[in-house]
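Both of the next two complexes hold chain A, though its partner changes from chain B to chain C.
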Partner chain A sequence: MNAIAAAGYLESLLAGQPHLPAASPALGWINELRAEAVDRVGELTVPSLRDEDWRFTDISQLTRLSFQRAQALTPLLPADIERFHIAEASNRLVFVDGLYAPRLSSIAADSGVVVTHLTEGGAEHAALIEAHLGRHANFGNNVFAALNTAFLQDAALILVPRNTTVSGPLHVLFIATQAGVASYPRCLLVAETGSAVTLIEDYVALQEAAYFTDAVTEISVADDAQVSHVRVQREGTQGFHIANCAVSLARASRYHSVSVALGARLSRYNLNVLQTGEGAECSVDGLALIASRQLADTHTYIDHARPFGISRQLHKCIVGGAAHAVFNGKIMVRPGAQRTDSAQSSRNLLLSDKAYIDTQPQLEIFADDVKCTHGATVGQLDNEEVFYLTSRGLSDDVARKLLTYAFGAEIIERIPVASLRQQLAQTVLAQTSGQP
Partner chain B sequence: MIYQDSRTLLEVRGLRATVSGIEILKGLDFTVNSGEVHAIMGPNGSGKSTFAKVLAGHPAYTVTGGTVSFMGRNLFDLAPEERARAGVFLAFQYPIEIPGVANSQFLRLAYNTLQAQRGKDELDPLEFDDFVREKMKLLEMNPDFLDRSVNEGFSGGEKKRNEILQMAILEPRLAILDETDSGLDIDALRIVSQGVNQLANPESATVLVTHYQRLLNYIVPDFVHVMEAGRIIKTGGKELALELETRGYDWVGAEHLEQEAAGRVAA
Partner chain C sequence: MSAVLQNLVNQPYKHGFVTDIESDVAPRGLSEETILMISAKKQEPEWLLDFRLKAYRQWLTMVEPAWPNVKYPPIDFQEISYYAAPKPKKKLSSMDEVDPELLRTFEKLGVPMHERAALAGVAVDVIFDSVSVTTTYKHKLAEVGIIFGSISEAVHEHPELVKKYLGSVVPVGDNFYAALNSAVFTDGSFCFIPKGVKCPMDLSTYFRINTEGSGQFERTLIIAEEGASVSYLEGCTAPRFDTNQLHAAVVELIALDNADIKYSTVQNWYAGDESGVGGIYNFVTKRGLCRGVNSRISWTQVETGSAITWKYPSCVLLGDNSVGEFYSVAVTNHHQQADTGTKMIHIGRNTRSTIVSKGISAGLSNNSYRGLVKVAPSAEGARNYSQCDSMLIGDRCSANTFPYIQVRNNRAKVEHEASTSKIGEDQLFLFAQRGIGAEEAVSMIINGFCKDVFQQLPMEFAVEATKLLGFKLEGSVG
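Presenting the complex of A and B:
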């Protein structure tokens, strides 16, 4: 794509932006943040294969199409979204095509946590929001984060006060219903000192035409706090999904993330985890299960900036059809981040001759007293395992599907919400059974 | 047990097989009738485990000659899963670990596949749970093993018990136990052997592939065969195992060479 076409593309996306209502007076700075982001979009270009960060992911099929922000909320009934229901969830925030849907949302009054969205509950928590919103996900060099910020309006806000443990998981559900729509989901989770919470970020579709999701999530985990973050990308087959998540970990905090990418024609997930305090701990696990002509790209960046940090990462891709998976996992150990303990593993299963995977584990270590391991494998199913199952009467086909399922199940099993685990296990089973 | 009205289950004639281009089985003859227990013994590298895997249809082995008929059918016409459904069962020397597949799920899938093949009713998870727990008692297995991934993190003895549990569930006509005794302590050996003995019946047969006579104290064979260099070179009764235990294998090989030489002179 040449620069002119790219600029035109961004302009067309921005066309809906000036119609956003001004933020409430208490949040007046948000208008400035948006304006700054609009300027930044004007200066940046759409990434191409020439950019190091995008060299395996060609987004020209996205930039050839034009998308507009949704103008009206699609009326949905609770029955329409019942199948996405997560029984254990204490609170549910629902956004339809990027717009907040209060009638589909259910917020527990007394769960001790503040669950709201920017236009409703923003003013009351202005100081806290100002300290975090737009502060973790930097858009200076990221055109998609800048676009999302330019459209900042209906954000999901989750504020967990000091020493509060939220009993059930919080479910933030983003539903795509309209063709040709660009939506800009935004989440902010602030877990204050000593608190604990589980967040489920869930992207689904009720239609199969092309649309574009450009999401940004920011998570701040204060001293001794703990956040479990489950991310499920089950967009429609013609959806485009580009998402940035920035996590900031203070002293002795813990962050456990499981992200599952099943849907979308093209998806890209950037997860940046920054350990800003000593002894922070994170696990960052992922599964991409794709087929036909899907592309799923996961870029993770775990930044050990302080001593005694721990990180664990297991990323798996199951690639069938003529699909293409990309994984780039960078572990940074900064000078002074002594006693960092990091282990990363990328394991990949190719189910067909046309499927391919680009995997790139990267370690950059600038401290001398650390323990860091990483490894990557790409392979087919193990013939000994297939034989074992067929020797018990299972057909070759069933044996292969079961083993493929099992490969993915290792990640699914790490999701700390039983009903979601079962839902996804069924999906994975159905999807691995349908592999060409 | 040898029965008067038994039928031939397995008939192997002149079987030759290679792995990675190297011939391991070099003209093997072997017959099993229903109700019988056979032990195949022999030194390392004689081809015992290869024979077991060839019968089960392991894809790494290529059959280059000879015939094998199983209950009147050409075994080599059947894929591994078809052999299993026809009643061939191999208890693996090294059972495979399959992380992510629950043992209960695997066992039920295998059981129901065979039930469907036999025209019988499949069991739902609850019914199967009752059924499998009964079978587990036979092997003194903890029901917790149902919830764990297939063989993952099982000790050597637990894996072997899990193999015999599969045999108990699938009720094969021909069970081939490949070094099932290796790695078992004396208690596990007793339990596993009791399980095998209780599963024996006049319709089916058992072939024990083993290194040591020890197992044969618990599962008493009707025939003992000595394998060397890809062929069975001697067959005797259960007393042959004791003789092998005290005298080793060398004398069998020497005796065989003499017989062959005599055979050539006679010819």
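Presenting the complex of A and C:
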């Protein structure tokens, strides 16, 4: 794709930006942030296969289509989205095509946590928001994060006060209902000192035509706080999903993340975890289960900037049909980040002749007293395991499906929310059974 | 402990002397005239000149690669002398006529240029700056049909072979430095093992850069015909200069059906001084093609020298059941930078590859492993196992691992493992308990760390490599 076409593409995406309502006076700086992001989009170009960061993910099929921001909220009834409900969730924020849907959302009054969105509750928490929103997800070199910031309007805000343990997960649901729409979901979670919270970020669709989701999530975990982050990407089969998530971990904080990518024609998830305090701990797990002509790309970057950090990562891909999975996991150990303990593993299962995988675990180490390992495997089901199951009376077909399911279930089981775990287990079972 | 290690890692370079010998050095700069001059000096046939010019024209359109994880000031390609050769007195017919100064140089480096019975048969081709000075055991090898000597001789004596294989593995426009090499290469070794012959002795090339301001661009071509096998060794040193010198070599290996090539390198170019002044830029393209069924190519390298190493010995596994192997130890100290690894391209069925890479970084150095394992859709049943371990000595160096794994066949199996460690206080304590001092303990631990690779080296080289690591990392305690 030539540069001119690419520039035109970004301009067309920005077309609706000037019509955004201005931010409330208390958050006047957001208008400047947006303007800055618009300028940055103007300076950046659409990534191509020539960019090292995108060399395996061809987004030309995305740039061939044009998308506009949703003009109006699709009227949905609570019954329409009932199947997406998560029983344990005490709070639910629903965004339809990127716009906040108050009638579908339900916010518990006394859960001790502030769950709101930018246009409504922004003014009340202006100082905290200013300290975090747009501060973690850097858009200087990331055109999609810049686009999202340019369209920053209805952000989901979750502010967990000091020493508060939130009972029940918070569910943030993003629903795509209109064809040809570009939506810019935004989520900010601030967990203050000693707090604990579980966040479910959920992307679903009620339609099958092409659309584009460009999401940004920022998570700040203060000293001794604990965040569990479940991310489920089950976009429509023709959807495009590009997301950036930036996590900042203060001293002795903990962050556990499970991300599951099932849907979308093309999806890309960048997860950056920065350990800014000593003794921070994170586990970053992921599963991509794709088939037909899907592409799922996961890039993670775990930055051990301070000593005594711990990180664990297990990423799995199950690839069928003519699908293509990409994984790039970088572990950085900065100078002085002694006693870092990091383990990373990328496991990949190819189910068909045409499926393929590009995996790239990376280690960059600038400190000597560290323990870092990584491993990657690409393969197929073990014939001995299949034989074992068939010797117990299972058909070859059932044995293979069961093993495939078990391969994926290892990640699903790490989701701390029982009903979601069951739901996803069913989805994985259905999808693996559907494999040729 | 850190004080002990500091002493251990600071040991002077022992091959840094300059031989005072009358040399024929081409003026600096690169143009089509330079290439015509080199070609004329070597009285090359027309086709080779065309090959060079084609490469040069392609090179002009290319840009220097920026992706390696190394930093250096831009190289001025017009500031390099592309040809330097010791002035020959006359045509040599035997060893005795070699310039005694040269003989002394190589004696000093421990390279046997005399065919002495005592030196248990290693045939050596000696390359001094741009030209091959001598080849030992040539006649003995010829008895079994092996052609071994400099590539310039081979161009005249066996043009059909050179023409057939030169550039067949590394095309002229393969990459920036390969194109530059194809345009200006001056000499190198040529080795041809005919059908069914097992080479009776190890073959070896010793490279020496002597002239300041010259670059070395050698070209090595090894062909093993059906059922042939050969073990080939390469060693390199250079004097100590304050300027950086460019060494851009190309090595091509071709293995036909059931052939076996083992290529071992001990690279000890001058690495620059403690503050990173001087040293060789070692930008090398090495590639082996397993063309026939059941063929095998094995790369073993011990990289201790060079200011910057940029090198990825690769195997293209085209023949069914072919095997590629890569064993590497890369040691960096002071300001050295190494970005090295391998590429295993699986194309044939049931192809197998093994990668074992050990990186040791000390001082302010930067040591990266970069590797590619690619399984094409046709590579049914392909198998790869990779292991990359790094050891850091000191907290100001870095160790990086960048493996690329691309699998397009669902009956292939690829495994990659990497780890990073340091020499622990507890390990040294254990040695101390048993009466072994810190220095010896470190050397033993490092040798143990590198054992998997050293085992692959031929005997003479294994001894040399162990010693070299010793030179590099040993010293007097306190």
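By definition in this document, the second predicted complex is superposed on the first by the 436 of 436 C-alpha atoms of A that agree within 3 Å, B and C clash if a C-alpha of one lies under 4 Å from a C-alpha of the other, contacts with A are read in each partner's own complex, and residues count from 1 in each chain.
In the analysis below, contacts are C-beta pairs under 8 Å (C-beta built on N, C-alpha and C of every residue); 3 or more make two chains touch, one makes a residue touch a chain.
Owing to the predicted nature of the structure, the values given are computational and were not obtained by experimental measurement.
Enquirer: Could you look at A:D353 and tell me whether it touches chain B, chain C, both or neither (first, second, both, neither)?
Expert: The answer is second: A:D353 touches chain C but not chain B.
Enquirer: Look at the residues of chain A and decide whether chain B or chain C touches more of them.
Expert: With both complexes superposed on chain A, more residues of chain A are touched by C.
Enquirer: Counting only touches as set out at the top, which of chain B and chain C does A:R392 meet: first, second, both, neither?
Expert: first
Enquirer: Once chain A of both complexes is superposed, is A:L402 in touch with chain B (first), chain C (second), both, or neither?
Expert: Once the two structures are laid over each other on A, A:L402 reaches chain B alone.
Enquirer: State whether A:I365 touches chain B only (first), chain C only (second), both chains, or neither.
Expert: It touches chain C, and chain B stays clear.
Enquirer: Output check: A:T373 vs chain B and chain C. Expected answer is one of first, second, both, neither. What do you get?
Expert: So A:T373 only meets chain C here.
Enquirer: Quick check for you: in the superposed arrangement, does A:S292 touch first (chain B), second (chain C), both or neither?
Expert: A:S292 sits against neither chain B nor chain C.
Enquirer: By the touch definition at the top of the document, which applies to A:Q71: first (chain B), second (chain C), both, or neither?
Expert: In the superposition, A:Q71 contacts neither chain B nor chain C.
Enquirer: Does the superposition put A:Q426 against chain B (first), chain C (second), both, or neither?
Expert: neither
Enquirer: Taking the stated contact definition, name every residue in chain A that is touched by chain B in one complex and by chain C in the other, in rising order.
Expert: Overlap of chain B and chain C footprints on chain A: empty.
Enquirer: Can you check the complex and tell me which residues of chain A touch chain B?
Expert: Residues in contact with chain B: 383-385, 387-396, 398-399, 402-403, 405-410, 413.
Enquirer: Across the complex, what residues on chain B touch chain A?
Expert: So the residues of chain B in touch with chain A come to 56-60, 79-81, 83-85, 89-90, 92, 95-96, 98-101, 106, 109-110, 113-114, 117, 149, 166, 170.
Enquirer: In the complex formed with chain A, which residues of chain C make contact?
Expert: Residues of chain C touching chain A: 67, 375, 377, 390, 392-422.
Enquirer: Under the stated contact criterion, what part of chain A meets chain C in this complex?
Expert: 52, 56, 335-336, 338, 348, 350-380
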